[in-house]
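Both complexes shown next keep chain A, but they swap its partner, so chain B is in the first and chain C is in the second.
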Partner chain A sequence: MAVLNRMDWYDLARSTNWTPTYVTEDELFPPQLAGAFGLPQNAWEKYDEPYKQTYPEYVKVQRDKDAGAYSVKAALERSRIFENADPGWKSVMKAHYGAIARGEYAAASAEARMMRFSKAPGMRNMSTLGCLDEIRHGQMQLYFPHEHVSKDRQMDWAFKAYDTNDWAMIAARHFFDDIMMTRDAISVSIMLTFSFETGFTNMQFLGLAADAAEAGDHTFANLISSIQTDESRHAQIGGPALKILIENGQKAEAQKRVDIAVWGAWKLFSVLTGPIMDYYTPLEHRKQSFKEFMEEWIVAQFERALTDMGLELPWYWDIFLKDLSETHHGMHLGSYFWRPTVWWNPAAGVTPAERDWLEEKYPGWNDTWGQCWDVIIDNVVDGNMAMAYPETLPYVCNMCQLPILGTPGKGWNVKDYPLEYKGRLYHFGSEVDRWVFEQEPERYAGHLSIVDRFLAGMIQPMNLEGALAYMNIAPGEMGDDAHNYAWAEVYRALRETRKAG
Partner chain B sequence: MSTASSAQAYHNNMVGPVMRAGDLALAVIEAARIDNPGKEVFVEDKRAYIRIHTEHEMILRRETIEEELGRPFRMNDLEVDLSSFAGQIESLDGAVRFYFAKKL
Partner chain C sequence: MALFPLTSNFEGDFVLQLVAVDTENTMDEVAAAAAVHSVGRRVRARPGHILRIRRQGADEFLPRTMKVADSGLKPTETVEVIWQMPHG
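What follows is the complex of A and B.
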């Protein structure tokens, strides 16, 4: 039997728009959900997805992918990779699963919105597959960590992080709610698939896979790089929507959405991916620095894709390029110092050899963040542990929900960017965070940061203990130094040598 | 231009797949050479993933990959190990094309 070439029938098969007769077009596609930008159905029918896939092909390919990922897991199950892993690497896994796994189901919901409400038939087709992809990501990233829960209570956060008020999860939810849970179908395609997935997911799912392969964790490397093969397809949902918007005079609106989503993604990755790549991953297994991965995936690859689509670089690009060498060092310092408030054990990552590496990758590190670490190191070596733990909360940004920080020491530039809106004073960590708020103040104005909640008396008692209870962190789950301060021995020995000398 | 830094260079024109390591990636490297005559193929191995790039445009044909693999291969099977790619993508019958619309 002769079989038609796929391209002979593909366009026809997914031409599923019709003219509604029982309801109006606005009832079929409510503007608030469809986000048609004032364009009628037939304008969206020009949407042509570049990465084409049919349902039968999808099922076969996904079956092959799953067979690969699950068989690697099964084959390596008895090799005790988790038990024998460096504690810093275990923290990488805990941070990853907690911050990501359940968010995949939220992404499935966002894909479902495009699937139902987009006026573009091609987008509806691709996001049907995208929705199934995200369910796969949720299932796998809950199944893979599950075997470790009985060995380590913190692994339970793979399942429950999204249900807690942990500060890092408030930040993650605030970002994902903004770009994918509270936006119309077209905006989701721009903010989630184009801005977030063509760029940033590569950092967490391929950059980190490179580190995982170096660390010998092939189960994890294989899992996350397999997930990224789904991303690379459904990340293409946004591109054709951008082309239609640009052709129809909507470039400014499209650009604004890209600029908002890219900035939020950057901030989230500076606290999640930056520290795990440059501090938690054992030195000998670091494939590249966080900055080098960012340059590879975001600056070289994503920025090039962005301009090829006919968009401009985000207006803050120079600020972003400068922050690539700075922000995540502050995020690491903060999350290490406030380590009881996270569900993993941060690795300090500041032995003399690691500091040499940091200085090489980030010239000036010792004169800036290094100075803060000198104080922490002295306190640990002196046994002044009370000084090495926090008593209060840091000030956080009303946009990214992350600590307001800057470069300390000789590069001092710590600054608050305030804004008064309808009688309430908001604080932002950067000019860009404040700009995002100003684009649509009503969208964000009602949100209370963890510090706002603290000051409003919602967190009782008003101390660290009350804060931990509020964040749903049980004793036995709260973070402490990944290596139980063993790294301080080098500094103790150095001090002894100096005294003797 | 060194192979190691080609795809990381700021404002480069490199396009092509980023494959998970494995026999499919090796077949794609060979196919990139065969299907893009006269073009230099840049290969950058990061262990968990391999960048396979050429300047500005790359075509990969189903038959070529199938021949290099030595087993039946459908164009969409590429997705099993296609983790990412540089440039825009175009799905064709029996081929896939990576390209940039604008040259820098």
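What follows is the complex of A and C.
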């Protein structure tokens, strides 16, 4: 029997829809899950995905791609790349896998919501493939790190992190729960695929792939490049949904979802990708600064994507552009100073040569973040290690769940953005975080940040030991300086030279 | 006498921090408690200066001997801890 050509049946298959007769439309597509925005069924049938693929095509392409990534891994398993890698690079892998692998698996459930509940048949088809993508990404990013678990306990956090109360995971879960686990199908398509994946997974996966290849980690480079090609396909699920919303008078609601998701994604990547690109990746392997990468790959692309769509730039765009030079330096300093509370070993990244690079990329760095680092460096050089660790908690934002920070030293501009709501005092890290809360206070009001939990007596005993136990950080997993402070030798030598002179 | 949490925004530092004080503590004692977590860790001491406390955004410092209980500060409210050259 002859097989029909793909184009002879594709449009019929992708636009096939239900016409319920035994149940109502609302029973078939409960509004809370479908997110129909009050639009009739036929409005959603106009959904036209830009990237069309059939299931047999998907299987064939993915099979080949996965085989490629797995065979690079198999070929390099005996290469001792992990053993010989710079400790800063190992930290990149640990941070990435812990923060991302299980999140990908969770994203399969969000894709599944679009697959079942979206009223747009084309979206259901695309999301079926997107759901399979996310299952595969979860599996691959658990399988790849697994070979290193026997060598390094922190690698176990690839699987473990998502189930813990580590502060970084509370932040990641708060964001992903907000944009993908607790939203209707259409909102998921806007917030997860259009806002988060189009912009920010590009950064984590493209930027990191370039650094991985430079660092000689071809297994990791291949894995995440392969994942990124899937992401760029299923990231296109949200665009056509936005188009329908805008055409049907729902622009304001669509814009709000974009604005909320883009901000949350930015904050998360400022703590995850910013330190990796500007501090952990060995200097000689850095392709671009985090800011340069953001400006080229995220800002420019986003501006184009938003205006092409007929949306506005988020109202806080100027704040965002300014923060590109600032926020991640604070996130790095914070995760370094509170290093016992993370599952990787942060690389300080502040040798004189690295500071020259930071000063070149971020003029004024030495007079601001550098001033804090000067004190840390002196303590390390003097062996005054007690003062190189914290004795209290940083105050974290009730929206992004990350430390509330700003520029220190001569550019000191640190500020709290408080809000009293129903008798409780909330603290936010920016005007935007507070604005997100104000859009739907009851959605967020009940959540307790790690500091709120500490003050509520949920962390016992109320000291570092209690905090580490609460965060599920077992002995041998606690973070410390990636290079065991070897970088401080150059400062020790400089001091000796000065004395001798 | 009761434990009272405040949020310290220390001049020259990069992050807000939780500071546990007592309702009977004076503003000088609040400043000293905040300094423990910033000075010598990420902020250099400034010889010849004292530390003053003010509400975020306020121009005036709270009196040095004022007690937390009398300050009107709310639990976890953010105070700015500012270096000052003593007069005269």
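We adopt the following convention: the second predicted complex is superposed on the first by the 494 of 501 C-alpha atoms of A that agree within 3 Å, B and C clash if a C-alpha of one lies under 4 Å from a C-alpha of the other, contacts with A are read in each partner's own complex, and residues count from 1 in each chain.
In this text, contacts are C-beta pairs under 8 Å (C-beta built on N, C-alpha and C of every residue); 3 or more make two chains touch, one makes a residue touch a chain.
None of the values given here were measured: they were computed from a predicted structure.
Peer 1: Please work out whether A:Asn366 is in contact with chain B alone, chain C alone, both, or neither, and reply first, second, both or neither.
Peer 2: It touches nothing on chain B or chain C.
Peer 1: Check the residue A:Tyr51 against both partner chains and state whether it touches chain B (first), chain C (second), both, or neither.
Peer 2: first
Peer 1: Looking at A:Phe337, would you say it contacts chain B, chain C, both, or neither? Reply first, second, both or neither.
Peer 2: The answer is second: A:Phe337 touches chain C but not chain B.
Peer 1: Quick check on the superposed pair: does A:Ala213 touch chain B, chain C, both, or neither? Answer first, second, both or neither.
Peer 2: first
Peer 1: Based on the superposed arrangement, let me know which partner A:Glu295 touches: chain B (first), chain C (second), both, or neither?
Peer 2: In the superposition, A:Glu295 contacts chain B only.
Peer 1: Touching A:Asn165 in the superposition: chain B (first), chain C (second), both, neither?
Peer 2: neither
Peer 1: Contacts for A:Ile376 in the overlay, against chain B (first) and chain C (second): which applies, first, second, both or neither?
Peer 2: In the superposition, A:Ile376 touches chain C alone.
Peer 1: Which chain A residues lie in the overlap of the chain B contact set and the chain C contact set?
Peer 2: Common to the two interfaces on chain A: nothing.
Peer 1: Taking the complex as given, what residues does chain C use to touch chain A?
Peer 2: Result: residues 5, 7, 9, 11-20, 36-37, 40-44, 56, 74-78 of chain C touch chain A.
Peer 1: Residues of chain A touching chain C in their complex?
Peer 2: 330, 333-334, 337, 369, 371-372, 374-376, 379, 387-388, 390-395, 403-409, 412, 414-416, 418, 425, 427, 451, 454-455
Peer 1: Taking the touch rule as given, give the residues of chain A at its contact with chain B in the complex, in rising order.
Peer 2: It comes out as residues 5-7, 50-53, 57, 60-61, 64-65, 68, 202, 205-206, 209-210, 212-214, 221-222, 225-226, 228-229, 231-233, 236, 239, 287, 292, 295-296, 299-301, 304-305, 307-308.
Peer 1: Would you mind writing out the residues of chain B in touch with chain A in their complex?
Peer 2: 7-12, 18, 20, 46-49, 74, 76-77, 79-94, 100-102, 104
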